[in-house]
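The following pair of complexes shares a single chain, chain A, combined with chain B in the former and chain C in the latter.
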Partner chain A sequence: MIAELGQYALALAFALSILQVVLPSWGAARGDAVLMGTAAPIAFGLMGFVSFAFAALIQLYVTSDFTVLNVVENSHSQMPLIYKITSTWGNHEGSMLLWVFVLALFGALVAAFGGNLPDRLKAHVLAVQGLIGLAFLSFILFTSNPFLRLAPPPAEGRDLNPILQDPGLAIHPPLLYLGYVGLSVSFAFAIAALIEGRIDAAWARWVRPWTLAAWVFLTLGIAMGSYWAYYELGWGGWWFWDPVENASLMPWLAATALLHSAVVMEKRDALKVWTILLAILAFSLSLVGTFLVRSGVLTSVHAFATDPARGVFILGILTFFIAGGLTLFAFRASELKQGGLFAPVSREGALVLNNLFLTAATAAVLVGTLYPLALEALTGAKITVGPPYFNLAFGGLMLPLIFAIPFGPLLAWKRGDLLGVAQRLMLAAGLAVVAAVVTAAAVTGGPVLAPLAVGLAVFIMLGALTDIAERAGLGRVRAKVAVARLAGVPRSAYGTAIAHFGVGVCLLGIVCEASWSHEKIAAVKVGDQIVIGTRDLTLERMENRTGPNYRSRTAVFSIRHDGVSEGTIEASRRIFSSRQMATTEAGIRTFGFSQLYVSMAEETTDGHVSVRATFKPNVTLIWLGAVVMACGGLLSLMDRRLRIGVPKPARRREAAVPAE
Partner chain B sequence: MTRKGRRLVLIAAGLGVLALAAGLILSALNDTIVFFRTPTEVAQQQVAPGSRLRLGGLVETGSVTKAGTLTTFSVTDGNAAVKVAYSGILPDLFREGQGVVAEGALLPDGTFRADSVLAKHDEKYMPREVADALKKQGVWKEGENGAPVPARATGAANTGS
Partner chain C sequence: MMSAPLFTLFAIMTALAALAVLWPLSRSRTLKGEREADLAVYRDQLAEIDRDRESGRLPPEQAEAARTEVARRMIAADAARAAESSAAQGNAGRRRTAAVMALVLVPLFGAGLYIYLGTPDLPGAPLAERMEGPADRGDVAILVRKVEEHLAQNPNDGAGYEVLAPIYLRLGRLDDAARAYAQAIRVLGPTALRYSALGEVLTMQANGIVTAEALKAFQESVKLDPTEPRASYFLGLAAEQDGRDADAAAIWKAMLERTPADAPYLPLLKKALARVEGGVNGAPAMRPPAAAAAPGPSASDVANAASMSADDRSTMIRGMVQRLQDRLTASPNDLEGWLRLARAYKVLGDGEKVKEALASARTAFAGNAEALARIDAAAKDLGQGG
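Presenting the complex of A and B:
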């Protein structure tokens, strides 16, 4: 019964999405306020029906209703409740429903908090949102129905892929989808602006909070996914340049560029055409990501559910939105008026540079991801483009950009003084050199250039703080005045500084992990010792344990650091009988920002077990840096400036939008 | 500076970054791509020792030996087999008779020295290159565990791109 209700709800949502496309755009064409006004209620209705369908699917999973094919294939009655819920979206059909749910949520939010938007703009934005919803709802209904029944029902489900039986699944996909799909709002605004042929600074003010919110979610989602892969796959890597990872990185890069160019548009009324293009590209890359992941054209460590027959459908959706968006852009972009002038050396110039490098880096990732597919289609040769390519091409493009980060916020609008900025950064640069020298003296081994990279990271962090210090006049005015001024610095400036600081933190983590990790691989018996850096691990015992739906074999090591005991670390292998699969559960202990990482393989018959132990200095900074970046974004989102300039009524509610 | 001059500077900067990007991408692609080879291709084409490649096929039944952390096994596509040596921790689903992709280089004695080994990570999933290679040799079989992987469905998989 619930499954049928869920399917009816989806069908009704499908019908509503058609109305959401037709009625508002018809109203906008005729200038009919009543028709345009239907957009918001329809968006709420759509949200209601999709939520109902999503809740219905969750309910089916929670009650382990094995008359439903999707539940049978991905669930098991013995699983803990949390995994029963999360396995709702741990499969193709369910994750597409989550996608549409997030889309409907954003549509409803735009409808709810867009009360101060001009009627026509709001109608067009919601119509475009409706069109995207229509496309994906038909995809679900026609190719990926999660509510299909199975007769006769089996007694037990096939279980969720054990790799996915992890709290990470509860957080990572929803966050990532909030980011991916959040970009659809910027896309809808861009298309609406093109349809109307009119765009101004107010437009940028409406778009920026949505982009920023999507960016914050995407940042957290990617970081979460990276940490999940790090601890779950047992390889100890935090980024594999896997196509699926690239699929999330590309929209992030484009969204980062969009955020920065929207600033220029909002403040200086320049870069309009470019901003519109970026908004289209950012969401297009989200769609490309969805296509790559969901179509099965790629072999990937993440591709746990692939069905190429569906690929054609998504490819159709993808082509329609990207080609449609770009065609509209080609025809209408020239009608948008050019905005303010600026000198090459200026805040605008710096932001343009940022955009150039970010889009070039996006292109490098795109080429690396798609080149193997293209080559195979054309010549049949099977190749892999691996980490060396991305490190060289992507790293080479990001380094100059990262070096330029501290300069940007210090440059004045319109016409900047590069020399003056360089002087103000002298202190940060000096301390960075000191950090590099100290690092070089303190470490042994590792690449020669690594201490320089540490210096660069420190330069970015201190450079970010310099901006705030300069604004408050620290060192130039009395301390009391400076502190008082600090309170007056706008939140968006703090947001910028914190986000940039986060980039430095992240870079520091990456450099330390890549340069000075110690790794030991050894076959050990109980009582054997592994020496790793200044620590040694002793295999104390092997244990058998049982979990709710698995058995595990656990190796317990004691850790001694320079002879002092630091407790134990446990690595284990879990064997899931329902799927005949094993997973590696790495043992991780955190010391300061560094981590000790131990994973084990199957035991041999003579009682030896292969163990890989790695000490990863400052590795947690990689993810902490991303969290700091997201905090910066969040703070910027709370800036008063993003709320004003829009007329009265919903001003306070407008402010609340992004926090959702 | 005039409006035109400013625009020229912008365009020049854009072209500069574009050229840098294109240069980096092309040179990186040139140096770093790794070709996928089947054991038959390795046997026929006389792949030069030392050049990096990915080798895919099935782990030959009965060929796995372990000595400490060093594992040796043979990768076969039903026609030819290549000996692989790997030091480290094998993936959870590495098993005899299962699909595997090893990345590394051939040693002069014809052994393949792998520095990473990927196995499928789900009983339904076979690395796509391996499935293709096996079909080429005509030894593609139905998925085990009663998993619904008929050869035809997988055939469709390869036209999907």
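Presenting the complex of A and C:
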């Protein structure tokens, strides 16, 4: 009965989403307050029914109701409760329902917290949200129905893909979807602004929190996904330039650019065209990302052919929203009145540069991801675009941008003084050079340029702190006054500094991991030793263990560091009988920011087991950096202040007043 | 039929959905215009500039510049909205139309989509409930699961395997059936019947090809009882598949002699015999088309097969081969599977399909020299050389 109630709730949600499109936009066209007023209650109703359907599906998974096909295909009654719940979205149908659930949630949040929005804007925003909901609900109901029933029911499910039987599944997809779908709000605001033909600083003030929240979730979601791939796939890599990863990176890059342009809009009423275009692009890329992963088009182009209905539907939705948004943009962009003027060297100018680089990097990733697919579809040739392309194209674009990060926040609005900024960054630059020299002296091996990259990372971190120090007047006023001013620095400025600091942390992790990792691959017997860096690993014993729905073979190693015992590390292989699949569970021990990573392959008949042990210096900084970035975003989100860019009055000596 | 509680809940849900639209339509509202909303933001901005100046965060001349900028925006917003009418109240006619839309669309799409997608007469069945339910509910899957769990606890209960094996077979779980027969032989000891049943399952697994493993099972079976009909039949089939038509004919002839006239498998046996005798006597052994000829699968269960018409049998075989084909299309990385498929089509006399299967195998293993060599060898065997 629960399955049928869930099915009916989805059908009602479909009906409500039609009304959410029609009634508010009709009201907005006629200036009818009552009709526009239906938008919020309908959005709440939609949220209620979609949540009910989602909860129903979770309940079916928890109780292992095998009369539901989706449960049979992706669940197993012996799984722990947490995986029964997470397997709800560990498959195509369920994940699409999660997507719509998050979308309805954001719609309801806009309805609830949009009290200060003008009626017309709110009606248009919710109507656009309703349209996206309608498209996805049709996709679910007509091609990917999670509530399809099965009679007679089997006694056991086919199990969840073992790679997904991991706590990561509980966190990664919901975070990622909160990010993807959060961008739909910015998109809806952009479309609403284009329909109404007006966009100003007030608009940017309203759209800011949504973009920031989406960006924070997306950042955390990507970092989580990267760490999950790192520990679960057993290769020890943290980024593979895999199309699925690129699919989430592209909207992140666009959202980062959007975030920065929206600040300019809010403070200086400028960069309107950029902001609107980036809002459309960011959501378009998250749609592409969702579908690249979900449609199966990535594993093989032919997957489209096996279910033509799904493929055609997907293309239809993509085309409609992307082409629709861009067409509207093309018609209306010329009507957007340009606001504040600014000189090329200014905070605004720096942010335009930022947008250009981020957009170009997005394009580079997009080309690398889609080119092989397009080629295979057209000519049937299979090629892969590998890390060398991405490292060159993406790294080449990101490095200059990263170098420019500390300069941006120090430049004044409207017209800036690059030389003055450079002078204020001298201390950070000097310390960065020291860091590079010390690194070069301390390490052996690794690429020649690696110490320079370490210096760059230090420069960004210190440069971010310089901004805060400058605002407080540290070094120019008495210490007491400076500390008092430090407390007065707005949270959004702290947010910026922390997020930029996070970029430096992340870069430091990447450079250290890529340059100075040690790796050993060996076939060992019980009692054998592997030397890795300053540590010895001894294979103590092999154990058989039994989990709820798998058996595992575990290698237990003891670690000795310069002769001192540091406990044990365990690597194992799990064999899941229902799907006849094995997963590797890497053993990971963290020492400071560095990690020791051990994974094992199958045993040979004579008792040898292949082991791959890697020592990765400062590897955790990669993800910690992302977490720091997200914290910066969160802090900025909590800054409820309004933002006005204070232009520096013309013809005034630079040194006299600190920039805002 | 839809149960009463389900229908009631559907009705309540429909009413709730309609209310989400009707309720806001019933209230009167005044428009909150862009102008007021914009001005509110700008007023807040001005207040903030004042606060910042007073607390010393903003030097007076900068504060003045910022005030000027905000004031400019306020004037712009004012000018843009001056023309906007604020008397846009709700209109009774539009309200009525909207209410009608809600009352029609919600039940229409709700019920319409549900009728298209729903299965109201199938009750939900959480696993725990099914496991506790009485055994006579006809839930075969649960019965099997219970026996499996019992066997997991008591792996030496041979009778359990013996009961389970034919059920697996009927459910199409051939791997499990083969395992269950092997276990029954291990625990209860070998009999001619058990071995011949095992051999048959193994043959079905190979889509009608009597594999070496199956052959061994049949040989064990006739060792224990030389008159076991199923084993004899399949031994003949194995000979036929090896191209030893004379041997096949000899085995089947001997079998025919001791077969009672009312044996259900008699027609099958006669047909098989006629097939190989034709080959032995009239030189070019042109195999008749699949319907009658299909060796393995048709005889999947001698007793059952006899009660089937030739058409049914042919459908069954084709179904099995088709399943193999589907599986390989979905996951083509199975060299053995492709070769088996090619052989099965050869046996069915479908040369076109043999070619296709080999071509697909070559595509799937492009670049794998070892696999390609095996495919070429198989192609030669099947008369598709080159």
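Brief remarks follow.
By our rule, the second predicted complex is superposed on the first by the 631 of 660 C-alpha atoms of A that agree within 3 Å, B and C clash if a C-alpha of one lies under 4 Å from a C-alpha of the other, contacts with A are read in each partner's own complex, and residues count from 1 in each chain.
To be clear about the criterion, a residue touches a chain if its C-beta (ideal position, glycine included) is under 8 Å from a C-beta of that chain, and two chains touch if they have at least 3 such contacts.
Since we're looking at a predicted model, the values are computed, not measured.
If you put the two complexes together on chain A, you find that chain B and chain C bump into each other. Measured by the number of chain A residues touched, the leading partner among chain B and chain C is C.
Contacts of A:F357 after superposition on the shared chain: chain B is touched, whereas chain C is not. Residue contacts after overlaying the shared chain place A:L392 against chain B, while chain C stays out of touching range.
Judged by the touch definition given at the top, the superposed model places A:L318 against neither chain B nor chain C.
By the touch criterion defined above, A:I276 reaches neither chain B nor chain C.
Of the two partner chains placed around the shared chain by superposition, chain C is the only one that A:P153 touches, whereas chain B remains out of contact.
With the complexes overlaid on chain A C-alpha atoms, the stretch of chain B that clashes with chain C is 128-136, out of 2-10, 20-28, 110-118 or 128-136. Taken in their complex, chain A has these residues touching chain C: 1-5, 7-12, 14-16, 18-19, 22-23, 26-27, 30-38, 40-42, 44-46, 48-49, 60, 63-67, 77, 116-121, 141, 145, 147, 149, 151-156, 198, 200-202, 205, 269, 340, 485, 488, 641-642, 644-649, 652, 657, 660.
For chain B in complex with chain A, the residues that touch the partner chain are 1, 3, 6, 9-10, 13-14, 17-18, 20-21, 24-25, 27-29, 31-36, 54, 66, 68-69, 87-90, 92-93, 103, 118, 121-123, 125, 127-129, 132, 145, 156-157, 159-161.
Chain A contributes residues 161, 163, 234, 295-297, 299, 301, 303-304, 306, 308-309, 311-312, 341-344, 352-353, 356-357, 360-361, 363-364, 367-368, 371, 373, 376-377, 381-386, 388-389, 392-393, 396-397, 521-523, 573, 579-584, 599-602, 604, 608, 610-612 to its touches with chain B in the complex. Those residues of chain C that touch chain A in the shared complex are 3, 5-6, 9-10, 13-14, 16-17, 19-21, 23-25, 27-34, 36-38, 40-42, 44-45, 48-49, 55-59, 61-63, 65-66, 69-70, 73, 76-77, 80, 85, 88-91, 94-95, 98, 101-102, 105-106, 108-114, 117-120, 122-128, 130, 139-142, 144-145.
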